[in-house]
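What follows are several structures.
What follows is a pair of complexes built around chain A, which joins chain B in one and chain C in the other.
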Partner chain A sequence: MEDLSFQHRVRGRAGGTRQNAIVGVVASGNLEVLVERVLPDAECVVDIRTAAMGFGEIWSAVIGDFVERYSPGGLKFSINDGGARPDTVSLRLAQAVRSIAENGQ
Partner chain B sequence: MTSWQNNRAVRDARIAAGAGLARGKVVEAHDVTRLLEAVIRPGDRVCLEGDNQKQADLLSRALLAVDLSKVNDLHMVQSGVVLPEHLDLFDRGVAKRLDYAYSGPQSARIARMLFGGKIELGAVHTYLELFARYFIDLTPHVALIAAVSADREGNLYTGPNTEDTPTVVEATAFKDGVVIAQVNEIVETVPRVDIPADRVHFIVKADKPFFVEPLFTRDPAAITEGQILTAMLAIKGVYAPYGVQRLNHGIGFSTAAIELLLPTFGERLGLKGRIATHFALNPHPALIPAIESGWVRQIHSFGSEVGMDDYIRARSDVYFTGPDGSLRSNRALCQTAGLYACDMFIGSTLQIDLQGNSSTVTTSRIAGFGGAPNMGADARGRRHPSESWLKAGAEADPDSPAPLRRGRKLVVQIGETFGDRNVPLFVEKLDAIELAEKLNLELAPVMIYGDDVTHIVTEEGVANLLLCRTAQEREQAIRGVAGYTDVGRRRDRNMVAHLRERGVIRRAEDLGINPLDADRSLLAARSIKDLVRWSGGLYAPPSKFRNW
Partner chain C sequence: MIAPIKDIVQAERARNTSFNEASARTRLALLLDGGSLVEFIGPEAREVSPHLKTFDLPEQYDDGIIVGHGRLEGAPVFVAAQEGRFMGGAFGEVHGAKLTGLLHAARRIGSIPVLILFDTGGVRLQEANAGELAIAEIMRAMIEARAAGVKVIGLIGGRSGCYGGGGLIAGCCSALAVSEPGRIAVSGPEVIETNRGVEEFDSRDRALVWRTMGGKHRRLLGAADVFADDTVQDFREAALELLELLGPVGTFGLDRLKAEHERLAERLRRFGRCEDAVDIWTAEGVAHAATVPELPADQFIALANRIGRTSRDAR
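For the complex of A and B:
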């Protein structure tokens, strides 16, 4: 297992009012993302626990592009990764933003 | 006096030597090794029918058991090296030299044996190329083939998996060779005559039916959202703009996803009847929903697929069938159809380099080529136009006068930027080159040459290589869809952005596709059981694909 953490300054706050959401599952080649609205509007944190060692650079690139594209301000992401491919990670993160952007609890 | 009929005399002597073991043409299974010792001579070229799917397994076991003082140093000329026995022949010294096309299940062992010098390699061919050489310089002295049934005269019924048999027999029987067939049963009258009796010299009834590998079944349950997104990009970014009607699909999950998206995503785009109407294709179960929805008008097949027999019989408007009602496949003719009459090949590979060359060879595995290099090549002899072919030709060469401009076949590589176990699809240098150096091969085993590839589709987008004007543009177009692989991360961002403005690279958003819509609910069938339902119960999947 390897733990990684990335913190970004973000242009703006993520939409919606929901406080948290979970997408995906922990399985081989897949990942689970818990997203919580717990940070100041201009901050974003992504904590990763992954089964695959030595992919820090790729994670950094994937998270950087994601933050740039979706501006997920105020959100903390906790990822439980079973060795997912980068494109699956991007997709799950986008799904997490979409889920929490819904209104309600 | 010069004799001009030596070979015929030799063939007659071989048949006479075997006749003592036969009643008419029929030889008992326990006498087959003795038959082979009588008929085959040291150094002979032998085709031991190993097709893509159908295997003459009884004859391969019998050949493995020959007395080495009588039979040795054979030169095997067969398309598929598939059974362990095919390689045991070289370990034992029965065979020495090999010319072949495909070695999927034996890819790791064949690599070890080539490195170890156990096999003297002629060449790895594409199917059509090896078949062509059967008629020029690799004509078999003896062909050991497989059929479903025979009558007493030796007429053969090869059934849905006819595959290579007519070609192998044509080359052998008409050039003074001997043809020996294993059959599942001997009957009064065969359902249809696939091979006439006068081309068959001995028949053996096997104790159990010949082995057929279910190679073309992809379980929809295993298709990922990434593959669905990639398939959506292919349909909207390639099939639709070129109006591709006549095509061949490879066997991966990405193309299975395309097949399952036609009746849903494709239907919504209004593409029914405009794309994917005529195929050179094995009977892929994943195509059943598209067939049932009226998308597909006609399919010609290289071979068959386990479990599809009843469905094919019931859909003779779509498939080629014999007077008995069952599928008639023919690999050589279907390969020719794929080469000359299809406007697109789309398939997956294991490695793509910066020029677009692709290969399924890795340093420890040599899977051979099969049909892909032939399907995935522009036919320079083609002369008939089609919308797709002309449009691709114009994109590649906008300046030539139209009446003198060649069209182009679309050769599309589709895949995810990271494959199994996160191995990158894109590499700076193909493993095939390293392998060629290690084995002293004059040619690196390249599956599809970069100059034949027109498009690369990944989850990151579609790269249209026809629109690239320089080697540097081509490299950046490839890097631009290579995702987070090393090759992708080393892109020139400005140049990639410029290529995107020109439409050389098109991303999901450029095509009006939301990646969040890439959901499994888009698949027309999400399980093997769904496919059975679509087929009205006619598709009978083999047990390894049943989980109910």
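For the complex of A and C:
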């Protein structure tokens, strides 16, 4: 297993009022993303535990692209990864932002 | 009165969603009344397995099971749903403890039924001892809850089926609903083949696996009480049907267990010499038994209802 962590300054706060959300499942080629609204509005953190070693540069690019596109301010993402491909990771991150942007608990 | 739009949308989604293919979270979201699920020890608690790190394996924040409470047609229910894609839905220490705790809560309250959405290959081998203990604790907690008057209903239609210790726990439930892809057994096809040889059981013969362990056979044998088509809405309706069927729960105790043992002994006397599931269905009076695997759900349900149900004096 390899632990990775990325911190970004972001343009603005993510929408919605939910405090947390979870998407995905930890399985081969899949991952789960737990997203929590626990940070100051201009910050975003992504913590990753992955079964696939040595892909730090690709994670960095995928997360950088995601933060630029969605401006997920105030959100902390915690990922358990079962060796998902970059496109699956991007999809799950987008789903996570969308889930927490819904109103509710 | 006309149902609110959001309830209609929810039912429509549930009808269009395969139970077999949905995640545990989706199953619960669509099985229960919309937005009614309240989770205990949710993923944000990060109550993960203490063992998987040792094996350098990835963890899941809910350890592969969701437990909580919600509503079914307005009435409160406790629920547990296993995620069959995370380590085959297998029981580990935390996974098992969450279900045990839920059953303890149900026993204390006494009047709220429990729905368990099984999707499991059995005990998680990486935490074998803790997992085996968890199975025993769950079975005990379930029997205690039932003795306190709680109805415990198992819903089985996941990709991993319901095997190993999961099959034992299912056998302790008040009633079961199963779909065609849902399989119920203790030893899985490959386990039997490994231990007894390919002549005993060819695990690659999918038709054999399905007619021996699949939902149709379990319904016809009386192991499952209701056969559901593979949509979340059908399982919702099956759960409501079983709650209705069980009615006010009579006393569950030694007499009921003895009656269940007698039922199983009688089943063995009747069918013990059958070589194949088709022989059993024929012995039960099913005409053209060989065509049962191809029957669409509605025709199969009509057939199964003609064959009858397990007596409620047993189980």
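The rule we apply is simple: the second predicted complex is superposed on the first by the 105 of 105 C-alpha atoms of A that agree within 3 Å, B and C clash if a C-alpha of one lies under 4 Å from a C-alpha of the other, contacts with A are read in each partner's own complex, and residues count from 1 in each chain.
As a convention for this text, a contact is a pair of C-beta atoms (placed from the backbone, for glycine too) under 8 Å apart; a residue touches a chain by one contact, two chains touch by 3 or more.
All values derive from a computational prediction rather than experimental measurement.
Within the superposed three-chain model, A:R49 lies in touch with chain C and out of touch with chain B [touch as defined at top]. Using the contact criterion defined above for the overlaid structures, shared-chain residue A:L91 touches chain B, although it does not reach chain C. Legend: residue contacts after superposition of the two complexes on their common chain; A:S99 is shown touching neither chain B nor chain C.
Contact with chain C, but none with chain B, is seen for A:M1 once the two complexes are overlaid on the shared chain.
Once chain A of one complex is fitted onto chain A of the other, the partner contacts of A:I58 are limited to chain B, with no touch recorded for chain C. Within the superposed three-chain model, A:L34 lies in touch with chain C and out of touch with chain B [touch as defined at top]. Those residues of chain A that touch chain B in the shared complex are 29, 52, 55, 58, 61-62, 83, 85-88, 90-91, 94-95, 98.
Chain A makes touch with chain C in their complex at residues 1, 20, 22, 25-27, 30, 32, 34, 36, 49-51, 78, 80-82, 104. Against chain A, the residues of chain C that register as touching in their complex are 23, 25, 35, 42-44, 46, 53, 56-62, 83, 85-86.
Per the touch definition, chain B reaches chain A in the complex via residues 224-226, 229, 416-418, 421-422, 459-460, 483-484, 489, 515-516, 518.
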